[in-house]
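Labels A, B and C are assigned to the chains in the order they are written; within every chain, residues are numbered from 1.
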Amino acid sequence: MRLLLAPAVGVVAVFAAALAALLQYSVLEFIPGSLRTGGFTLANFRGVIAPRYLDHVWDTALLSAATTVLALVASYPIAYALARTPSHRIRSWLLVLTLAPFFTGAIVRTYAWMLVLGNTVVTWPVPMLFTERGVLVGLVHFSMPTMILLLAAAISHVDVFWRVTLPLSMPGVVAGSLIVFAWTFSAFPTPELLGGGKVKMIANVVKDLALDSFNWPGAAAFAMLALAVTLALLAGLGRLAAGRAP
Amino acid sequence: MILRLAVVALLAFMTLPTVVVIAVSFNPTAILSFPPAGLSLRWYANALTYPQFQRAAVNSLVVTAGAVLLALPIGTAAALALERGRLRAPGAWATVLLSPLVVPGVAAGLGFLIVAASLGLLQSRAVLVAAHVALVLPFVVRSVWVSVTNLDPALERAAASLGATPARVFVRVTLPLLRPGLFAALLFAVVVSVNEFVVSLFISTRVNEILPVAMFTYVVNYTDPTIAALSTLFIVATFLVMWLVDRVVDLSAVFLHHR
Amino acid sequence: MLARLIALVIVTLLASAAVAHAQGPLVVSTWGGNWKDTVERVVGKAFTAKTGVPVEFEVGGTIDRLAKARVTKGSPLVDVTLTTTHVGRLYISDGLFAPLDMGKLPNAKQIAREAIRSEHHVGTWAYVYTIVYRPDLVKDEITRWADLWKPGLKGKIALPDFDPSHIITIAALMEGGNELSWVKGQERLRQLKPNIAAFFSTDAQSQDLMKTGQAPVQVMLSVNAYHLQEQGIGVRVVQPRDFPGIVGIDTMAVMAGSKKSDLAHQFIDLALSKDIQTELVKSLRAGPTNTGATVPAPLRGQPGIFLTASEWKERGYIMNDEARAKTLPAWREWFTATIVKK
């Protein structure tokens, strides 16, 4: 019976091998104009804090924080309704409308925001497309389904009186926030298309370095940063969950 | 009342882009105007006849079929082992199997790119299939696991005591009982694989790119509403799939798992 | 049963990968969008009809295609590369282009002298960067580069932010310098800032700014301006009287190490032929490099369409390829820091 686990572990091992290759490249020297690499170096990680890249790291942190807060505020009412509505039909509808964007795919969703934020449908008083504002709107929209589901799961555990709901739904708030922050920190298609090359988050820098400049070691260092932040936040989440367990 | 208004407004925000995409897909001209000056199906024709989309559709079909056909048996086996394998730490193993979910796409994508390049496999679909198997596996394991938990071992014992071989018990009793979980796993795996973009972008070339990557390239290079037409087709297909899933398994049971 | 199914899937995957490798089309590297579509439709189709060899396209931006060529040096993924004449210089200095065998390019004899850019790359069409504006939104007629500095155009102009070489060169020319002594024009360019409403990174953005009237005056590609006119946006393309527009020439070259060198030459020769050039001009609204090509009547005499030796000489400013290629990074850095930043 235990052997049945082996193929799945094999698949995860392949995945882990890819991450190991990433880790290895992040400490190898980049030779411009070549895919070969030099010896061991920490220069790639110094690149991460070089002034021309630090802006992108900072932007990433700011956008992730703003996305988390706004997604939380925007998701709470829907999650509350989802958890509390007595009608099975309304719950089904809410769930379908919440989940639909979750399953429509990143490109379709982001393209849709390009249409809305461009000056096609309405002429915006301030530029939206290819600005941080526009990227933020896209990111919030992208995060809402996850946030709603996590909040709804927490809220539906709590008893009726709504004044105690908010404090008692805190686990959902914390979990949702950590996951959305971590997720946004490595967002790619939204800033790539809605940022129009002007707003670059860490994942966009990874893509530029890897696919446009072929600086794989430099890209690997940035990707490691995104991976580290994600794992750190999720480890924090795990510890919170463990600490609360009865 | 205020809550109700807020919910309606926020749901409108969530569905607004979808509505706009569908409206724009019927726009008759290349430069968009809203509301559209008329109705036209020319972008649907363009989307369906564009050679790179046709090639990408074939690639998507092969990659998704390959990934799902591999992930389904592997994930089902893993789910059975997790529930019945008397593992020392089933929770830890489950975490390992679900872990590809939390790795940022660019990290996984770049890792696979480096591996693919060193194996000389950049033009083939093999690496794409491998990556997709890892990415859909968590969904398969989770969906099937729910069904395995609800499985009554007494039924299998009964079949065995009546003389059925273990293989026969598995095919005639276990698998049919797992059907809802398997079906949900299949649909989730297909939806996730068909829409996977970030990892695939890194390991795709002109020859093996899948549909989302081809769509991304098109969006970057063209401004006409062809992608709106293709997106509309995607959206309609997604709703059909969701409706199907909802027929078979209660969505709120899968996502709000306390019920 | 299950094992057989898995084996079948694996075999199918491997087989389909092998088939893709065996066919061996001619691979052409070019920009995406309309550029690729036009080259594919006009040159690619004719080439396949003539030789029976299919053509495939590797698309991307100017610089990322250069980076890709660098890392695949010696065993290139593509056979023919289309790029701007100045970036072509960078390919040449890195040894990425093979020398052209002029004996295999009989049509090159009909090409304007200015379009034979080097022994490695040859121009396939030309255009200018010039002033384009909407007469319905701008009161005074614009006829000269100097007009851009007029106070009446305050907050009306948009410029590309990815390539400032044109406006930098114009500012230098106005101050008696040229692209080699570009520092002379720095102060003048700074004075243009109040008139600049926006910068654009893509054709779509530029289109949008023009359409909505947010920036009714732009320095843009003549080719894109004619496209706007065709879409029903009434813009005027200026043939500036004080200094000519800045010429752009897009070139083709054979990649060093290509295993299909003969076919690559055939492809380029076909693109330079009179008939194909006539077609290219019609769909791109660019100027032909083959002096025998026919240009549709409405395009004749328009900016960016050079038909005679004297037009090539007088109606456009051709920058020094090498200087442009090598200084562009410095230009971009200065432009971003001084002009784009608030």
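The rule is simple: a residue touches a chain if its C-beta (ideal position, glycine included) is under 8 Å from a C-beta of that chain, and two chains touch if they have at least 3 such contacts.
What you see is a predicted model, and the numbers here were worked out from it, not measured in a lab.
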Could you tell me which shape the graph of touching chains takes: line, ring, star, complete or other?
complete
Far-end chain from chain B, centres as C-alpha averages
C
Report which interface contains more C-beta contacts, comparing B-C against A-B.
A-B
So the centre of each chain is just the mean of its C-alpha atoms; given that, what is the distance between chain A and chain C in Å?
37
Length of the line joining the C-alpha centres of chain B and chain C, rounded to whole Å
40
What is the distance, in whole Å, between the centres of chain A and chain B, each centre taken as the mean of its C-alpha atoms?
18
By the touch definition above, chain B meets two or more other chains at residues 73, 220
Residues of chain A that touch two or more other chains: which are they?
35, 118, 211
Got the chain C residues that touch at least 2 other chains?
211
Report the residues of chain A in contact with chain C in the complex, numbered from low to high.
33-35, 118-119, 123, 127, 129-130, 196-198, 211-214
Under the touch definition given earlier, write down the residues of chain B that touch chain C in their complex.
29-31, 62, 65-66, 69-70, 73, 123-126, 129, 206-208, 217, 220-223
Chain C residues touching chain A in their complex are 61, 63-64, 67-68, 70-71, 73, 94, 198, 201-202, 205, 208, 211-212
Touching chain B in the complex: which residues of chain C?
2, 5-6, 9, 12-14, 16-17, 20-21, 31-34, 36, 56-59, 203-204, 207, 211, 231, 233
Of all residues in chain B, which touch chain A in the complex?
3-4, 6-7, 10-11, 13-18, 20-21, 24, 32-34, 71, 73-75, 77-78, 80-82, 84-87, 93, 96-97, 99-100, 102-108, 110-115, 117-118, 130-131, 133-134, 137, 141, 191, 194-195, 197-198, 201-202, 212, 215-216, 219-220, 227-228, 231, 234-235, 238-239, 241-242, 246, 251-252, 255-258
